[in-house]
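Here come two complexes built around chain A, the first alongside chain B, the second alongside chain C.
Then we have the complex of A and B:
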C-alpha cells in the first residue's frame, strides 16, 4: 500500500492504463448515471442539454487540469474560487477602460497567473504549507475583490466579442468546450509525454529524492502554481463572459468542486500519483450528477449533498479495492 | 527530527530542548502582539478600551475558541477537520426543532450533541480506521451537512418558538453582568483541555501520534483510537459552538457558520499549531483567537470597509506561519 507506482508506466496501452486505475469504475458509474437519468427523463440526452453539460464541464475542467498537476507535485490551491471572481472583475474593468477584449483577456489571465505566482512563492520560498497559504490568499482575494469593486462591473461598451468567449459557438460546439479540450490535450501531453511531466511526478512522490537527483524542485512547483493560476484566469474570463459582467460574488465554492473532481479522478492528495483522464472523468461524473438533479427536478440542494457522498464513497471503494489487491 | 524532539519536550525530560523554549517564546510573542494591538486600537478609538468592549471581544472570540480547541487537537494528531462550520449550522436544527416540539432545553441539547457525535464518529471512522485522507472526509462532510441544512430548512431560518429563558441566557447574557456566558464556557473548556493535553496520558498520546504515527504505533500507542477520539472531540466542540450561536441568533440559520472553518484554522495556525502534527499548544491557539478577535473588533471601529478584516487576517496567517517556519528551520 505504501509504495504505489509513482509515475504512469510509459509503455502501457490506453486500456491497460484504464484497468490499472479506478477509471473503469468511474466510466461505469458515468454510464449507469447517464442511462438511469435518460430513462427517467428523455430530454437529458437532447443536444441542448448535452451542450449545457459540456459547458459546465469545460469551466471546471480547465482549472482541474492545473489542479491535477499541482496535486501531483503534492501541493494544493484553495484560492482558485476567490481568484476566479477577481479575474472576471479585473478583465471587465480593463475592457471597459481600453475598449479592447484582447487586452482585457490578457489582463485577466495575467492576474490569475500573478495570483498563482504569489501562491507559489509563499509556498516554495517562505515554506508555508500550501493548504494554509492558499486559505490566506483566498481570504485576501475575497476581501480584496470587494474593496476593488462592491458591485458587478458591467460590459459598458457592450462588446459582443467578449460575450462570445463564453456563449459563442464554432459550428455546433461551444467555444469554452474547445478551449477546455485544447488545454486538456496540451496538459495530457505535457504530463505523460515530456520530461517536465515526469519531473512533476518525481517532485510529488519524494521531493527530497528529486532534489538530490538534481531536479529544481521549487521551480517545478512554482510552474504548477503559475499554470493553475493562469488557467483560473481563462476560466474566469469564460465565467465573466457568460454573465457579461465582472461579478465579485462569483466562484464561491468553486475550489471545492475542482478539488473534489480531481480527487474523484484518482489523484492523490499526498502527491506523486494522478492522471488527467481520471480528472476528466471526475469532472464529468460531478457535472452529470449536477445536471441530472436539475432535469429530474429534484431539490437543487441535493447538488451539495450528492458530490460529498460520491467523493467519500469513491475514495472508500478505492481503498477497499487496493486492500483486496494487496492480499 | 523536530517531531521527536517536541515529544521529548512535552515529557519534560530535556530541559534545554530548543523547541520547548521556542514554543514558550512564541506564546510570549503572541501575548506581546495582543498588548500591541490593544494599545494601538485604544489610541485609534475611545470606545475600544472599555470593559464593555473588551468583554464583547471575548464573547465574539469564544465561538472560534471553543471550536478551535477541537480543531487544534485534531491538527496535533496529524489530521485536519474542516467540517466544523457546516456542523455549526447543522446542530442548530435538531436543537431548535426538539426544543420547539418538547419545550425542554435539555432534550434539545441532547439532540444537538447526538448529531455532533454521529458526525464525529463518521469523520473519525473514515479518517482513522478506513484511512481516507481527513481533508477529503471532512470536505465531503462539509458539503453533505451544508446541503442537508439547505434541504431541511428550504434555505430559510427555523425560529426558536419555545422562548426558553435558559436557552436565551447561554448565548446572550453575562455572568455576574460582566463576562459573557460563551466566554466563560470557552474558558472552562480551554482550561480543562489544556490540563488534559499537558498532564494526562491522552494528551501525550495525541502529541506522539501526531509527531510520528509510525513510531507511536511501534511504541504501542493505539494510533487509530487516539485519532478517532480527536475527531469526536472536534465535532463535540463544534456542536457546543453551534448551540451558542443558535442561542445568539435565536434560530437555526441555514447560512450560519459559512467560512467559520477557515476562521478557526486561521486562529489555530496563528497560535503555532502545525498542520503536520505533533506540535503546538492550546494556549497558543487561544492567543491566536484573541489576536484575530481584537483585530476584527478594532478594525471594525476604524472607518474601514469590513472586507479589510478578511484581507488583513489572510496576510497575518501567511506571515505568522512563514515566520514560524523560519524559526524552526534556524533552530533545526
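Then we have the complex of A and C:
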C-alpha cells in the first residue's frame, strides 16, 4: 500500500534520494568547490591559504554557534554585526585605560553579553518580535559606537598579548581556530546531549507546549540571547586583535554572513529544527567561496553576490527535500 | 430499506427535489473524509445531518458550499446535474450556508452585508443606500425578525448575526439554507427564536439542512435525519422512526455502555486537588474538590469558561483571587513550573497549538516533562529515555513506525496518547483533560476513554472538561456544570441526566 502510493511520482523520489540529507549536499558542494578552485589556482590549497580560511571560518563559527541555538528557540539576532564592532572599541579602550588585556577581554565579552541580555529582555518582556527588536538595537549600536568614538581606537600600549588573541598560534594552529573549536564542541554537546539543549529545541518547536510542561521558557530564550551576545564578545576580541585596534566601522554585514551560514546548514527560522554540524558546513561553504573569489582574482563584488545565490539555491533544495520526505 | 422507499415515494410524486447528492466521495491526504455519501432534500422540510466530530458532516457541507471540490459523485439541484465551483457559485445556484464562524464583514452595517454581492445602483452607477435599507427591512419582515439594519454587524450578538445571514439567503433567493451547528453559542430564548425563523423559511418552501449533534434540538425541528459516521452514510429516516437511543446508536455505532468501560470502584476519599474561590477575568468564584481515583467532569456551553478554568488551575493563566491546592500544597507561585512539580498538568484541547512539538520525534514529545528524571548533571541518559518511552508506546498501543518518527505524522488518537503518556511519565497525580477526544476518530476515542478510566482506577484524579454529553455521562463520577464562568450545577453520577445538565448549563 505504502509503496503503491509513493511509486508514481518518480521524479520527486529521485530528488529525495539525491538530496536525502541536507548535510550530504553541503559536504558535496564543499568538495566540488574546493576541487574546482584548486584545479584553477593551485595556491588555494597552500597551507597559508588554508590557515587564512580557517581563521575566517573561526570568527563566523564562534557567533554562528550561538545563533544556531537562538534560531532553534525561534528567535534571531540581527545586531551581532553592530555589536561586534562595538565590542572591539570597548575592549581596546579598556585595555588602554587599565593596561590589562585580561580586563579588556572581560569588558568586551561582558559588553557583548549585555547587548544579548538587552535584546533578550526586549523580546521576552516587552514581547517585541526579535527581528524588529534586534534591527532596533543594531541601529542603536551602529550610531552609538560613533558617539563613543569617531575614530578607530589604537592599541596605545602596543601590548603584544592582545595581538596574539587573533594572530597567535599554538604550534601550527591559529589561536582563533582553537577557540572556535572549543566553543563548537561545547555547543554541540550542550545541544545534543543535555536537558538544556533539548529544552531549547522544545521552546522553539512550541513555546506553549514547553510552558505547559513546566519549562522556564523566558529563561531559556534569555539564555540563548545572552550566549549569542557573549560569543559576539569573543569574536569581537579576535577581530579587534587582528586589526590591533577598535574599529567602529568593522563588522558591517557580519550578521548576514552568520545567519546565512546557519540557515544554509539547515536550521529553521521558525524554530525547533537545526544542527551545529550543518552550521559548521554552512560556514565553511560560505567562507571557502569567499576565499575562492579572492584567489581566483574575480571581481570582489561577487563576494556578496555568490553567497546570496548559494543561500537561495540551498534553501530551495531543502524545500524539494522536504516535499520528497512528505510523500 | 424504509429510508430508500420513503425517498423514492417522494421523488415520484412531486417536482424535482431541490437537492440530490449521490455517491459523494472526498479524500484528504491519509484520510477518507467521505465515502459514497447520499443526501436528498425536500422543499419546505428540515433535514438534520448528524454525526460525531470527524463523521464527515462539515466536509459534506463544505462541498455543498463550494469550499471543497468533490472527488466522486454527482450533485443535482432542482433535478439538473451541476457542479459547485466556489462559495459565490453556490450562492448563485441558490445554496446559502450559515457557518458556525459567521462570515460577515463586521465593520459594515447589517444592510450593507445583506446586499454585499449585489448592491442596487442608481443610473449613475452609485449605490442606492436608501433602497438597500428599505430592502433589508423588508427581508427581516419576511422572516419575522426585527434588527436595526443600520447597526454595525460586528456589534450584534451571534444570534442576530445568524439572522443577518438568513436574510442574505432570502436576498439571494436561496432555495437551500444550511445551518452548521447554529445553536452552539445561543441561549435557549435565542434557540426558540431561531426555530421560529427556520419554520418561516420552510413555509416559504425553502429546504433546510440542520447540522447538529444535539439530540433534543433535532427531535424538535427536523423532519428527516441523516446520520454519518466515519465518512459513511449510516441511515436516513423520518424523525418519527427514531428514539434517542437509536440515534445515538447510529452515531457511535454501538451501545453507549460498550463505549465507556468502567473498571474502577469508589474514589479513595483523599482530596487530590482543592480549588477555592478562584476568580479571573472569565471565572467567578469557582470552588470544588477532586478526589484521588475519580473523574470529575465539567460541562458547559461554548464560552462557559471550561478551558479558562483548566488553564488557570494548571498555572498557565494567572488568577485574580482564590487558592489552588494540589495534594494539600498551595500552587504558589502561580506558574506551570510549580504546578507540574506539585503534580498537576493539562492535556490541552488544542493539540497542535499547545500540546505537540510537531517537527520533533515521538520520543522527544513523550519525554519532555520528565526529562529531568533521565538526566545526571544535565546530561540525558538517552537509553533510559528511549526505554521509558518505548514502555508507554507498547502499553498504550501507540501506533508509530518508530520512536523517532516526527509526531506530526501520527494520527490524532496516537498523538493524544503520546501527550497523555508525557504526563504519566512525569508522574502527575492530577491530570486536567480538556476535550480529550476532539478530532479523534471513534475507534481511538474508545481507547482514550479506556485509558482515562484506567488512570482513575490507578488512583489519579482526573478533571475532564468536555462539551460532549455522551463522554461526560459515560466517564464522570461526578459532574460539574459551568455557565458564564461560574459553577451552576453539581450532580453525582446517579443524578446526572442530559436534561438536568443542560438546564444547569443554560444561565
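Keep in mind that, in the parts below, the second predicted complex is superposed on the first by the 306 of 327 C-alpha atoms of A that agree within 3 Å, B and C clash if a C-alpha of one lies under 4 Å from a C-alpha of the other, contacts with A are read in each partner's own complex, and residues count from 1 in each chain.
Please note the rule applied: a contact is a pair of C-beta atoms (placed from the backbone, for glycine too) under 8 Å apart; a residue touches a chain by one contact, two chains touch by 3 or more.
Quick caveat, the model's predicted, so the values are computed rather than measured.
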item: First (chain B), second (chain C), both or neither touched by A:201; value: second
item: First (chain B), second (chain C), both or neither touched by A:214; value: second
item: Which of chain B and chain C A:32 touches, first, second, both or neither; value: neither
item: A:50 touches, of chain B and chain C: first, second, both or neither?; value: neither
item: Partner chain(s) touched by A:193 [first = chain B, second = chain C, both, neither]; value: second
item: Chain C versus chain B, contacts on chain A by residue; value: B
item: Complex interface listing, chain B residues touching chain A; value: 80, 126, 130-133, 135-137, 139-144, 146-148, 150-151, 155, 262, 265-266, 269, 275-276, 305, 307-311, 313-315, 317-318, 321-322, 325-326, 329
item: Chain A partner contacts - residues on chain C that touch it in the complex; value: 314, 316, 336-337, 339-341, 345-346, 348, 353-360, 364, 368-369, 371-372, 375, 378-380, 382, 422
item: Chain B contact footprint on chain A (complex, rising order); value: 122, 126-129, 131-133, 135-140, 142-144, 146-147, 256, 259-260, 263, 269-270, 299, 301-309, 311-312, 315-316, 319
item: Chain A residues within the chain C interface of the complex; value: 193-196, 198-199, 201-202, 205-206, 208-216, 268, 272-273
